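Below is one structure, written out as structure tokens; the observations come after it.
Chain lettering (A, B, C and D) follows the sequence in which the chains are written, and residue indices restart at 1 in each chain.
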């Protein structure tokens, strides 16, 4: 069985997804095979070069060509946030499966429209929260389901980068409210929130804070500056439906961290810790142990999630592997006619929380989600 | 030069301070010598035994005897929070120096009365925030003053314990609002807040959350239970005067952590990390390094704060050493007639913040401090 | 420019090298393109399936077909150690480039024959020491060349696994002297020795110890057991030409470690530490720093070796990436007519050291290499 | 019950032991009480000052006065290695208990004489291997006795310092063969060897290497240099009686480490790791765990060895605490008339191994111990 893939976007995310799709046949030979049919982007030279480099059959500079292409089974939307809505909805209307990067949209209105379109669509509409597919995170999920933590009391989710700490770091669409919706909140916080919903449960209310440390940045390759209209960092307190409380933060000003996504959960019976910088490791704490202590599991054993497809014990994997694990799961799920998660509904829930954080930050008080 | 010490309290804190006082002559021979004159507590047998064990000259079951004793130069108040106010004020009125454990009081009113008494007193009124005296924290302070961090953007302060995660853990005065004022907030959070004020600067506004996971606990040694009227955990978002934002948490339900006091600060030029479980280490990050990375300083070199008094490089110290460093500093400061910090005024500021956190938690909105 | 690849072996190493070869076009588009022409192995069903899974054009069960195939430019020899000699030499005689996995051969005689054949061959003869291509190791190399360490005093190289600690773990060719030459020594120790030569310099004399903890093991899928005729673990003391001293160990009985390859080097000016379990990190120590301490560099910045080809800062890579870095280097080197290292001469030097360790272990005294 | 202590030496070790002796009454009130009777040293001003600082009743510049003093129950010998023999034997002859710092002597002959004297003495003769008294090490001992490791296969013992890496670091008695016997071997290696005997069992044969990197050093406070006649570093391979193999190293040139004493043991059922820089932690690995991984035990719980005397969970201890634990054990043991270990016989065994290492290094072959 095979699926023809049409992809919009060819830069960072384009490379990550292409690599994952190419990995499927080598590492997951039992999964449906994705064929790299067509790739699209705005700049002809660049997209033509990407087609060559990535091994797609064709390219286009017009996204409509992809979503309308009868050959294409799966539309992969890797555009900036403000390009998520229209192409994704059009592809769903054309009967295709859609895989769209997170966050679902640049605002709640768009997200709702997308989720609505997904509700009535024939194809499935996936959202790309790849960190669910870190083997250590998947193992944490399994252990939590098996009762390691008992009743959960605390969640901490920090996503820390530092690429904007230099005030001379150039302006990009990620600094613009119109195009990105929000800054660190939607870009990084969305991951922490997704993991909290995945591992702990739904959030009931939030108190947020948004902070912009540098108000304008130089335009890249041009004279002059442009205003930063999104948050450089956010913090959030949360209350979960099950009584747990949470603490969240993301920042592009966390000097010293390049891409650190940390989670920590404490329950009545145990605890877990995870850090993306050391993504092959999961720390667990089990109160029922005779001797207490955090145990560092090197998540590279064949019985660990996804590992069987990869390498022998101790041969660690990297960040990119999350995408292959994600695609393997998505392809198997749709080929078996099962319902894939996280989907646009899940993405909408996260968007509602992002929106609530912004609202709370404006009104300086807690907000029910 | 020597000072006669009268101490109220002989349990955990009594042992910690006695040990520190006995260390002075061996490790800080140049400091004024503290003489262990009198120790007090309510239970005669126990306090008599403590006198013997600790090497005090006399004991009493009546705190008034201590504060009125003409021999006593320094009154050390290690009682529960609700016993801070009256004896401390009386001792100040008697012209003594006072050293009182944190938090300053069980509520803001008492704290104000204490600070007021200290204002007009002859003696100095110290509050015991011992974590300022961890060599690694003192080194952090020095490095921050020397500009390591530049403009500070982020502070994180977590104080995590797990001794109450078992619902059968017995009730104590620390679970009672009347006696303790608050739970994790005043007991643990006060330390994080003190460090934030010390290392970052004053706090302008806060948004807090208080959580009690277990509502009642068994009475120790008796039938029946008693309500828990304080927080098992708190979280807090903060805004500092200098534009930094902060995230705070303390919990007695953080399964896996016994006494973990973590701080992390990011600035425009660098970052620092500290963890009490590894208190001999300070992690620093300096953006101006040719090669980026967190550097772990083993803070045991003679040029590091307080270390000269202790052991050669690599011969690590422990938690108790903070108290000896604290006493050495306090004794020298008062003997030189300099103004000691943290004092009751500093303690009052922290009490105002604790109070603001509680208020914010009740009203579900941000509060100016 | 492109090279047609013929590969012997399709299991663990086959998958690792195939994946690397497929990565070249996506991640190193400027490098010569390897074409997956033919793959060989003994079991027809399996090799046919591997051909499909890996995407080779053809397959064969006869290695001679590969080395004689006029289409093939590069012969990749991934067979067990005792299959290294004959096919590699034949391929060299046929004018092909050869890439052979380590150790060079199962004994010194074979290794010499191979190095001799390589001397007079038209093509280049590479040996696969992939750990040179860990970005952190390559960065260490660069830093050492730039003088970080000064005069080197100490090298430590430990390669620790535990897959044989269970006495019921089945017998395999890796336990057989005829087929493998040695056990942990040649399989794992060869890596440590290669890194020591690469980073420190040549070894002058060694004192070795070989140990077999379990003398016989159950045959897989059959009744009965077979003797273990190689070492389960080795230790070695070494003296380097430059005056440094070394300590080496490898074991398949190091309970708790799956594939831990640790190196540590101390010099007059600094030190480095590396651990394969955390292969994205390099710890360095620079005596000239104002504040001493080991600094952990997350080796994921664009200026770090090979990283530019992969992902943005903080997006960590895995074990498999070493092979792609290795192939990119090998392909570029041969296409530019430069001399590639490590080659069969380098492999021979390591084989001499392996042989000296065995001799020293037998004679219980130091041996000049 | 109480013992009068006479101490020879008042510098680094004098301070460490005095502090420990003063801790006894506060932290181990149930133990016999040591009285600080007399302290001795060669330089009158300094020893007089030490008496004052440490709180001894009397001082002397003549060691014979101590060992002959009828008041003295325990003679504590903290002099340089070449001063161990005579005063210790004299004190034993005078019927006193003796506590002598390690290594037992500067050579095997002296060590034998000391052990012989101890055999026939009335008092007990202890040797000061304080690292047995790190709570984490004592816990490791207990776990090994309880079967955590099964059959032991591997021991690694590294003791790493860097205080001599600077060639301008001044000459001291520790660089002199006459006075110290050996360098890193006896000073640091003795500790690793003691721990190996304690935790693994007796050593059967060794292969050693000694290295002096800097041949002469400047005299402190004078013109000129003096030859270094001992090792700056040693390495050693060992075979234990029980079939385990070992790897040892100590160095004063391990740039980056100040006082790092690492041990690692692997057995058929589990493994342990310990590092003195993080002496409150013990890492254990238990093959029978459902999920594999090294678990970091924070050895600060009341059920852990010695901890009950100190602080609540998570309130970490330091290097100095090993001496108090040691003294508490020694005092209780002699007061109960039990046989104390490690004693001079244990010290002699270690001296035999030190001697064997030197012999092996000279002869370049393995030596039976």
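As a working rule, a contact is a pair of C-beta atoms (placed from the backbone, for glycine too) under 8 Å apart; a residue touches a chain by one contact, two chains touch by 3 or more.
Please read these numbers as outputs of a predicted model, since none were measured by experiment.
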| item | value |
| --- | --- |
| Maximum centroid distance from chain C, chain identifier (CA atoms) | B |
| Where chain C and chain D are represented by their mean Cα positions, the distance between them in whole Å | 41 |
| Whole-Å gap between the CA centroids of chain A and chain C | 36 |
| Rounded Å distance, chain A centre to chain D centre (Cα mean) | 54 |
| Residues within chain B bordering two or more other chains | 292, 294, 298, 301 |
| Chain contact topology (line, ring, star, complete or other) | complete |
| Chain B residues touching chain D - in the complex, by the definition given at the top | 12, 15-16, 18-19, 22-23, 25-27, 29, 52-55, 161, 163, 257-260, 276-280, 298, 300-301, 310-321 |
| Chain B to chain C touching residues, read off their complex | 284, 289, 291-298, 301 |
| Chain D residues within the chain C interface of the complex | 153-154, 156, 162, 165, 167, 207, 209, 211, 213, 233, 235-237, 239, 243, 245-247, 249, 251, 253-256, 266-271, 285, 287, 292, 294, 364-366 |
